[in-house]
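In what comes next, subunit A is part of two complexes: it sits with subunit B in the first one and with subunit C in the second one.
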Partner chain A sequence: MNQLHNLLWLLPALPLLGAIVNGALSLAGSGTEKGPSRPLSGFLGTLASGSSFVLALLLALRLHPGEVFTQAPWTWIDAGSFKVSFGFAFDSLTAMMLLFITGIATLIHLYSIGYMSEDRGFARFFSYLNLFLASMIVLVLGSNMLMTFIGWEGVGLCSYLLIGFWHHDHANGDAARKAFLVNRAGDLGFLLGTFALMSLMGSQASLEYSVITAWFRDAAHISLLGTGTGAGLLTAATLLIFLGCTGKSAQIPLLTWLPDAMAGPTPVSALIHAATMVTSGVYLLARLSSVFVLSPLTMSVITGIGIATALWAAIAGLFQNDIKKVLAYSTVSQLGYMFVAAGIGSFDGALFHVFTHAFFKAALFLGAGSVIHAIHGEQDMRRMGGLAKKLPLTFAVMAAGWYAILGLPLGAGFWSKDMILEKAFEHSPLLYAFGLLGAVVTALYMTRLMVLTFFGRSRDEHAAAHAHEAPLTMALPLLVLGLGALTVGFFWAGMIPGMDSFRQMLEPVLGPAQQALAHGGEEHHGSAMLFAAVGTLAALVGASAAWKIWGGNAKVEAVGSSAPKGFGAHWTYLFDYLHALVILPTKALSWIGDKIVQTVVFGGLIALLQFLVELLGEAVRALQRPRLRVNLGVSLAGLVLLIAYFLLGAW
Partner chain B sequence: MMGIDALQVQFLALALFGLGLATALTRRNLFFLLMGVEIMLNAANLSFVGFSRTLPGVASNDGLVVPVFVIALAAAEACVGLAMLILVFRTRESLDSDAYSRMKE
Partner chain C sequence: MHLVLLLAAPFAAALFLAFGSSKEGQSSSRLALFLSLLVAAAAFPLVLCGGCATEAVDWFRIPGIAAPVRFQLGSDALSAWLIQLAAWLTPAALWASRGLVRERMREFAVWTFVLQGTIFGSLLATDMVLFFLFFEAMLVPSFVLISGFGGRRRKQASLMFVIFTALGSAPLMIALYFLAAIGHGSDLAGLSSRMGLISNFGMLPPTLALTLFLAVVVAFAVKTPLLPLHSWQADTYAEAPAGTVALLSGAMAKIGVYGFLRFVIPLFPVESHKYAGWFVLAGLLAVIYGALVALAQSDFKRLMAFSSLGHLGLVVAGVFTFAPEGIKGAMILMVAHGLSAGGLFLVLGYAERWKRSRHLDDFGGLATTSPVFSVLLVCLVLAAVGLPGTAGFVGEFLILKALWASNGPGAAFLGGLGVILSAAYALRMVQKLLFGKPALPQEGNTDVTTGEVFAILPLIAGLVVLGFWPTPVTRLIDTELYKGWTGKFAASACPIKCPAQKQCHKPTQEPADATGR
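After this line comes the complex of A and B, so read on.
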């Protein structure tokens, strides 16, 4: 039994193997007329993911509170006192992340078998999905920041590959590149932050989370960090790492890539851009919580960015007509709530919202995918309507997701989002007010989505007439996730005593940091019910307003593309405009590089070099001419030189 | 012996050798090339003979023997050389050394 934790390496290795095998299948089958065998690669991909889940489950069940399974197959960097191991660490935080990552990934693999069934790149798709899963597992399982960085880059790469999966369309390639480049900007922050952290620790520098955590919990070190350069460096380090988190988790200012990432297949949007990858920023904050709590400024910045993103994205979600874009902005907005929770020191609350959000957002995305699949690729909600009767299962699952994200009683969001709002009120009533406003807007755009898609009359008779319910492989994950959206909240039902297994599980990892920040035990027991009531009321206000505006048979004309127009477009693309400003100097530099450096400097150098070589060639050519006398003369001259050299010794 | 200066003889040999070399290198006609070679050989002979006469303290005729061999060798060389020259002239219709290449300029 104890040998089990020696199998940590298998967790990422299994999906990696799946990726390799599927990649080989894809290559081998690409020349044939039918393409690679779809059942085989679908089965292998799902099996790889599923076995990782089972292994993670077995490990999690054997993990005692406060215990950490570690395994370091080899040392990676060994430079004097500075060592980095290629190591894995499995504590309760990792266990929690791994369980929902591998669990939801398995469901989405299963779903993809149905969703991608008519796609020629089937094996390639599963190869990428498995590779993504392997990277994600490395990200949360790595025992040091470098390992996390491998996963961090790996998921970025897979995100790029999967967004641009249908690369025959140029726009998809653009979206993929945008996602990759914006993420690179964040990655730079991650790296610089890591270096800053190392220089803070001086001679004891280490990248191992255990060492970092212990160092920053040491009272002697904390007092050093209170003032002067130490404090400045700490703020810089945490802000830079947070910049990395904003890149991965699509927060202001690096959020523009996520809505564009919807160009990828819908299972990808559900897995990567809603449930798992985008939450890695929150994971990193929680993992380094002991460092972050020492910098009040950074914590305030995180809170501010979080609430601003939550509100901005929620409003942007209102302007979208593309069903997946609505969900994308919704994801950005919900991630904002998670950062609010982390910023006010409730890392477990943030992770709990990560956990519940993974379920209900995956359910919503897969439901949206089922709708898109049913009406043959149409994503514009203005061309949907009245689909509830045609797609009862999809409707039920999306309704469950809708119920959960609104935070209506006993749904998943009811427990996680209301808890964040409650914590926000303890922090500052203003923050709470903004959060509540965000909740109202959330209810508005989600209800709008449901109404436009499922109710009213059908606005595109042709598409609706052929609508068909999802096949079994798609229906099963939908059902599981729909159920999850309604029930996973009970892992931490704040109002019910004893129902906080989620908090207890994370306590050993996050407890010390959160206690360090807690301001003197002023707990608001008993008022939880009030907060829940207010939260529910806010959701109902939003939902009924949306029903008033878009319900019934409201006129919704589909004109042109699904992109928002007018003010909605300006609001939606606000940060794209800002990015364009930032990119401008780079563009100027590249213009200078192209026109001046390239043509004048390098062009001149190359011409000069060419001229010299030609000159030399002409000279040598004269010697090669078949002139007996010249040849003879030159060889004699050489002989004379040689003799002179040996007679006179060195010159 | 009779007041022969060693250096004078050697300078004469050197001049002769230079003339031979200049002939061999500058003339395009193969006849002159062969002639140049002969002159150079004779310059070497002169050098040998001169040294055998003027080297002090060594009463030797060794330096006189080598030129005999060289003359025999030169006769053989001229024989073979002229024979080859005739053959080359038959195929090429020319005695110009620069005309023997097939390489493109």
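After this line comes the complex of A and C, so read on.
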């Protein structure tokens, strides 16, 4: 057991092995009538994920505060003075991320056994899910930025594969492609950001987090970064890396892919597009917190982007009729709150919201999946209604998620969101006001979702008649996550002294950076109750307004597709319009390049050349030689003479 | 001796297949595969030693040039991995082409071996005249393979290919004669050290130096190809049979870049550095232009041709950063592109054979009907777009890093833009081929056979292994070597001294070594 920390590589290797085995099973069974054995695939996939969780737990229990387990099996890139190790580092930040990632992933693997049971691509699904988990683990376990980047693009790839999982429909392919490309735009920011960081560090350039952190905490270096080129490069580096975060974590301006990503199976939406992958941007900010705190401009940009995204997405959530789209915009909005927290220097607060959000949003998504599963694939809330009686367990779990996201007393969101709002108030009352407004809208769209789905009369009798509660493999994860949504907030219950194990755990990693930024004033605990009361009031206002509008038997007609219309559509697609400003010129340039430059200019050149060759060939045809040789010979001789003439002239 | 045998092996295999056996069809393809694997196994040890060379033998004299042309073969860090590309793509190409050429397999294999032999020759030659002979000889097997086994417009395509490349290398021939006359001999090691002195002291009239420089550059720029000399490429790649185009794009095109590294930079150090920015610019333009035009293609082999244009543009940009990371990145990206583009052409060749079409709109739903094919295609596409964990990523990362450091953030941004665009066209191709419902009614078994899978798997394995462990490629390159070829070459483990190493000694430090062979 003493050698446990030499097993870091096993953490990603186990799910990777699961992915390979399930992939092989999927291919081997593709020709058969029934396809590969589902129980076997499901078991192997869940086992791979579960054993990673157990290993992460064992490692976390042995980790002393401030300690880091490291392992670097080999040097990955060796380009002279610049080296990158294939290294892993396990500190408390990684431990925290790994525990909830592997834990929730295991639950969702279990859930998928039931959810995907009818699907032909069962083994393929588990293969992708395992591959995703392996990439996500590399992302948080990597000891340098390039290792993180392996996971960073790896999760993007798995996201692509899983959004396009049902490949018979081209719309899914479009959504998958969009996710990959928008993420790639962000990834370019990440890469350029690393170059900027390295030019800042000069001869000591390294991508190891430990080296970067030490370098940027060194007072001698900090003084260089205040003015001139140093400051410019620092701002560029942090903004570029933040651009990468906006891609992965669906923030303005790179957020358009996440709502479309709902084309994937619902367990994917819960795991990748709500609980884990989309939070990697927050993780990266926390990991590089020592760098980001040095650039006040970037920190303000992060806060601004965060609050704008939180508000915009919350309002967009109001216009959606597709139950998964509501949750998708809700995710974008909640991620916005996390970036607000990071931007005002409360990285642990941001991570705490990552943590609680993972539970309640996964509960909500899996609950939505259970609803969709029960009524045979219907996702339009206008065709639901009155399902509370038919699906009591699902209703209870989603109600728990609803309770948590609204931030009602003692739920998970009560602790994490209120803390962010409180910190926002210390930063600026205006920020707090916007945050509170977002909380009201959150209560509005979430209550609308609950009311339309579970209350009132059933608007599609046929579907509702056949509705059935989920099987055990789905029910168990639902229960665990529902329970988590109500309780995980107590890991950092700000108002109760001593209940801050979450903060203590991260203190060694994030403490120095946060203290560097702290305003010096002591925290005023006295008003915590007041903040809690105001936050709860905001949630109640939103919830009761929603009940007023959509409650009872309000008329909700399902006409046409579930996509929003009118102003709602413009609001929803605002950033798609902006993306079109990039996409359309690219397409135009592509057309010009192909049709004009390539076909006319270069094609013309070829035609001219061909004509000349033909002409020469005709002229010497009398020699009765094979045509090609003549063509070549004459043109070559001509050129030789020409060049010789020039060279001799020059000599 | 090993190198002579290696060079002779493909030609011997071709002769053996042509005259030594009367087997036809399937059995000749098995024999060809066996022979090609032997050749590949013989080539492999080159990457284990730092560099080696055969004894120089005087061959013949060219009037007006003091020293005779010498027959000498050498392999070093620069050529060893490119030789591997030609060595390992040949068995893959032969095995993957069985379904396409069927009963004409023997003829196809004979010419493929000849093509492989000429590629080996160009990469092994240490004398510029010897190099030139092989460089030109490559055209013959390429022409026969394209015009004999290609698509509907094969005649025109093969003709344009030959004319373009021949016109490109004609100036090289003249320039060679002048260089040999000025430098008293055509052997590369001596020539480059003398050229280094001559140009350093400005002993050559600038216009003459520039003309010679451009004449040499054009030949390699056509081969690579660099904008705007790429016109032959799309038609050639589209019409050539899959097995041939895999070798053309995977191995032959790399000789263009090899030429820059081996000849242009050492022979014209002053001009190369002076105009480095223009080469970086041309490379980056090719990256953007290639990706944009690839985005508009409906023929997947033409799409791949423009994709190759972009990738090799990035390689050239990396070379002309003159930074250690840039050169190492260029080397890895060349190997990665050889494997991924070679593999993609072969895999797309399967699809072309099934549907008798290269038009993306004729396809769809292959993920449903051909799952194994789909996995191969997606793996290769991901390697082509440089996903981390594949060799292409290491190359792209190092080149972009070098561009940022040497040419500024703007250059890195342009290169990175090409990387995004490459994902755009590659995923568009994937979606057109794999997604949706099967487009046309399928006949019989349309997934790949086991043999066809095994032709591709080694390529994917190579991409992944080098993606996580690129050191075998990077460590062979001594970074000092390419800082204008004036630094001292680090002692290598290889017992036999390589001419390319000698040429790198500073003449002032060890003059005896540079000329005293």
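The definition used in the following text is that the second predicted complex is superposed on the first by the 597 of 651 C-alpha atoms of A that agree within 3 Å, B and C clash if a C-alpha of one lies under 4 Å from a C-alpha of the other, contacts with A are read in each partner's own complex, and residues count from 1 in each chain.
In the analysis below, contacts are C-beta pairs under 8 Å (C-beta built on N, C-alpha and C of every residue); 3 or more make two chains touch, one makes a residue touch a chain.
Model, not experiment: these values are computed from the prediction.
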Query = After superposition on the shared chain, which partner residues are touched by A:602: those of subunit B (first), subunit C (second), both, or neither?
reply = second
Query = So, A:202: does it touch subunit B (first), subunit C (second), both, or neither?
reply = neither
Inquiry  = Counting residues of subunit A touched by each partner, does subunit B or subunit C come out ahead?
reply    = C
Key: subunit B versus subunit C as contact partner of A:65, first or second or both or neither   = neither
Message = Looking at A:636, would you say it contacts subunit B, subunit C, both, or neither? Reply first, second, both or neither.
response = both
Residues of subunit A contacting subunit B in one complex and subunit C in the other = 628, 632, 636
Key: List of subunit B residues in touch with subunit A within their complex   = 21, 24-28, 97-98, 100-101, 103, 105
Query = What residues on subunit A touch subunit B, complex-wise?
reply = 625-629, 632-633, 636
Note = Note: in the complex, subunit A contacts subunit C through residues 23, 26-27, 30, 74-82, 86, 146, 149-150, 152-154, 157, 160, 164, 167-170, 172-174, 177, 180-181, 184-185, 188, 191-192, 195-196, 198-199, 236, 586-587, 589-591, 593-595, 597-598, 602-603, 605-606, 609-610, 613, 628, 631-632, 635-636, 639-640, 643-644, 646-647, 650-651
Complex contact set, residues of subunit C against subunit A = 156, 159-160, 162-164, 166-167, 170-171, 173-175, 178, 205, 207-208, 211-212, 215, 228, 230-232, 234-235, 289, 292-293, 295-297, 324-325, 328-329, 365, 367-368, 371-372, 375, 382, 387-389, 394, 397-398, 400-401, 404-405, 409, 412-413, 416-417, 419-421, 423-424, 427-428, 431, 434-437, 468-471, 474-475, 479
